[in-house]
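Take a look at the structures below.
Paired with subunit B in one complex and with subunit C in the other, subunit A is shared by the two complexes that follow.
So, the complex of A and B:
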């Protein structure tokens, strides 16, 4: 019988490729109301690079990001949770989060975006850091407000240098704290993916 | 349900879901879950194919799925359907193939709170929010104090910085059994979120008349009538968790009465994560329980290594003081989103 179980398990293994859990809001009702005070509701949907064009899309995402996907959360079939925000019958924006490698485990970087793709809110849902208070401070979060993917286009996420407005974002922590560059990568990845899933659909 | 029938029904449901998965909309997620579990017990002095107990549900060699569907009215979410199902292999008891329903609930959004009905976690203690679905380490639900899943209804309310949850359930665990009015009422009030704020702290209360349940198996049958004995229970409890950098600490404590006698339980679990994205996790715990004449403690340690996003290896060492039993258990665990 054990042999049959093992054989069944192995027979299903082709389906058992690579994926990861999505990045959901822990308190969507409260978070959405905080990020979009005039909203009357939100609709949850799921997307993936696989469903949005597959390998060609992954290559385009990596090119736009300026880095290869890797690790536990950056796979072609990783599910992404998108919250579409409504005021009455009209869409007024989106909330989307991504998992990102951090200095201590993973970060969860969430963005609130308007219908044109401009950031209206930034926050960490998950962050474990000695400098968590500095990263979570409004003074740091507010630097992202008003920026869009175009502002991150020339940003080198490995160095934090570039010519756009994103390159002017100031590190709230020490120069050696890797979570600043990790955060910039998470934000840029978030914007690139939203461009694929929503704005350039 | 006969073992073969249960096994075939489980596989049939899985195959149907997999066949129709490409037609799913963007409001649904389907995950395939499979695990192989095996080890050695000093008590039986031989191999075992379970992590905790032959009669308990977790963990055993199993195949199952996890399905989530969001419902909306076009402009806002109205509810969530969650189904988590396994067919598990029983090595030494019947049925050989056991249908196991974990989540089977519909949660409806109402102004100010969510209301659920079905099989879900009772609103008490750490186990009401601790994700133990793949874990080898035992927890409070594997003692007689509360249940991992119970049939009934409950509500969750997020009132700013305070969270409130309550449930009214059958008091028989995973099995639907109600012949003498068994029930369990539970409530928890808490602050924090382990993912969001790196801590939780909560107070719980439990009141009811429950059955001794271990997975789908009920215990303490009346020798004259054959009916299972009801156990009045009243507890208050505290639970919490804390993460700092790579380290974490979790605890769960209950104190009160079970079957009209003093009872208490304490779980303390600590550990730390290593490697990028917490790929390697080391944990150790102490689990103490006392009810009626049963006074016991378990010391356990576990290591988890995530090879890929979907594939994890786990190992457990567990020492049961009362039975003087040592167990070493290994697990290969898959959890894979389909068609994403």
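So, the complex of A and C:
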């Protein structure tokens, strides 16, 4: 009976996923191990802008991002799932994903971060694009490794221009492909939120 | 010369408190009767409306074709089977069919969904018939497609939320590289439709190269149709399977029948209470006026006069009681409905109590008839009083 219920749940999961408003890893055990091969465990916690200061925090997040929150996912009470990664009893990093509006559908932009806020891994959990292969290529993902919020501070997410290292990230697709800028916005939003929820707590 | 009606009216006024209490008793019985009959109608009507809102009662699919999301996902989006589009024409010819709507389910593997990719489903529908079948689907923004061949999509609430789509945005059909414009986003309905991406079925036929093919047909039957019998008839079509809500409808029908029996039982009890009340009041009045009636008879009143007098008094009481009770039921219909809704474990949407003029007149007729019936015995007793007995009975009092 339990097996049947589990099977039914798994079968429904692509549809049940619609019911969730947060951004969770599809397979946390597998994904955490892949992003942090030396990890021995992880803890899941949930945060929201509402619970982290409300409107004042939202204003600060929008200012740091350089854009207003909008759409169905960018609400003040949207829950964010943070995976705290352990090696033994020590925290070695975090995994955090955000939803970002893309050209043809929602993007789910996940970052693996060390304890100082530096990106150690970047990947799309979900991406609808004609050039998905280019965006998902390691050559593009690796450009984010080693960057932190400070590198994105001056990045204009509407133009992709700025003075930090983030401005040097190369578009893997055509110049007209909006998903490059959408990705930069997703990454910056991810870093700004992690700064609020974890690093600047 | 006083008329019988004048005397009857005066008699009732003489015992004002008792008359008022009797009228009140009849009024309460009428209120209960009208409300119960109104509930009987409203409840059945609301349940029928709820059944209508379920959409089609019968789903005809190609044999072996998954017809709902869970099965489709279990099969990894594979295993779709088709039936020819002209099946719709032969189904439409059946007199028991009220409406039908063709559907085409298509799935595609999206490598961008998750680590290993995932299946995305599209439901092709007919914009002319499908919305009518699903009246509970309302728009958060936008509207249905502009045409049956348009490259447009309407998204269920959850799918729009997941894909972060708004009206005017594009979606991409993976593998086909076809761009589709979102023209509508539905409100949350709490059904499987929330996670569905709708497109015109003719457009899907073109995109996926399955011209003149359907995966299912939704069929709404006329209210008088026998779903079970129709289901059997459908099985004569080769290579199809039938999914129906006959069981749901049967359960609801049983619920209605049970409610009807209960309501009618309570109504009969209310009528009996009114009947006994009226009979008791009039009988008391007759016994109290025993000598008076005897004197009336000795002064020339006939048996018929006395019978008519007492019967008329009954009629007046029932008429006033009936009018007041009917007014009460109309005025308190909403409150009664709310009370029933609070008590019932499941109550359908819409008005639970439906009171209209024919129902009020019908109930008034019943109350009057019952009143007249219960007035016969006291009137007969009064008519049979002998003047000499009445006068003799007063001797002891003098």
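Just so it is clear, the second predicted complex is superposed on the first by the 181 of 201 C-alpha atoms of A that agree within 3 Å, B and C clash if a C-alpha of one lies under 4 Å from a C-alpha of the other, contacts with A are read in each partner's own complex, and residues count from 1 in each chain.
In this text, a residue touches a chain if its C-beta (ideal position, glycine included) is under 8 Å from a C-beta of that chain, and two chains touch if they have at least 3 such contacts.
Bear in mind the structure is a predicted one, so any value in this text is a computation, not a measurement.
Contact with both subunit B and subunit C is seen for A:26 once the two complexes are overlaid on the shared chain.
Of the two partner chains placed by superposition, A:175 touches none, neither subunit B nor subunit C. Ranked by how many residues of subunit A each touches, subunit B and subunit C are led by B.
Once the two complexes are overlaid on the shared chain, A:138 sits clear of subunit B and of subunit C alike.
When the two structures are aligned on the shared chain, A:125 is found in touch with subunit B and with subunit C. By the touch criterion defined above, A:89 lies against subunit B but remains apart from subunit C after alignment on the C-alpha atoms of chain A. Residue contacts after overlaying the shared chain place A:41 against subunit B, while subunit C stays out of touching range.
Contacts of A:106 after superposition: both subunit B and subunit C are touched. Common to the subunit B and subunit C interfaces on subunit A are residues 8, 12-13, 15, 17-19, 21, 26-27, 30, 71-73, 101, 104-106, 125-126, 128-130, 132. On the subunit B side of its complex with subunit A, the touching residues are 18, 26-29, 32, 34, 36, 49, 61, 63, 70, 72, 74-77, 89, 96, 109, 158, 160, 193, 195-196, 198, 243-246, 273, 276-279, 306, 308-311, 334, 336-340.
The touching residues of subunit A, counted against subunit B in their complex, run 1-2, 5-6, 8-9, 12-13, 15-22, 26-30, 40-48, 50-51, 71-73, 75, 77-79, 86, 88-89, 101, 104-106, 108, 125-126, 128-130, 132. Residues of subunit C touching subunit A in their complex: 69-71, 73-74, 110-115, 118-119, 156, 158-166, 170-172, 174, 177, 179, 192, 194-195. Chain contact summary for the complex, subunit A toward subunit C: residues 7-8, 11-15, 17-19, 21, 26-27, 30-31, 71-73, 99-106, 124-130, 132, 136.
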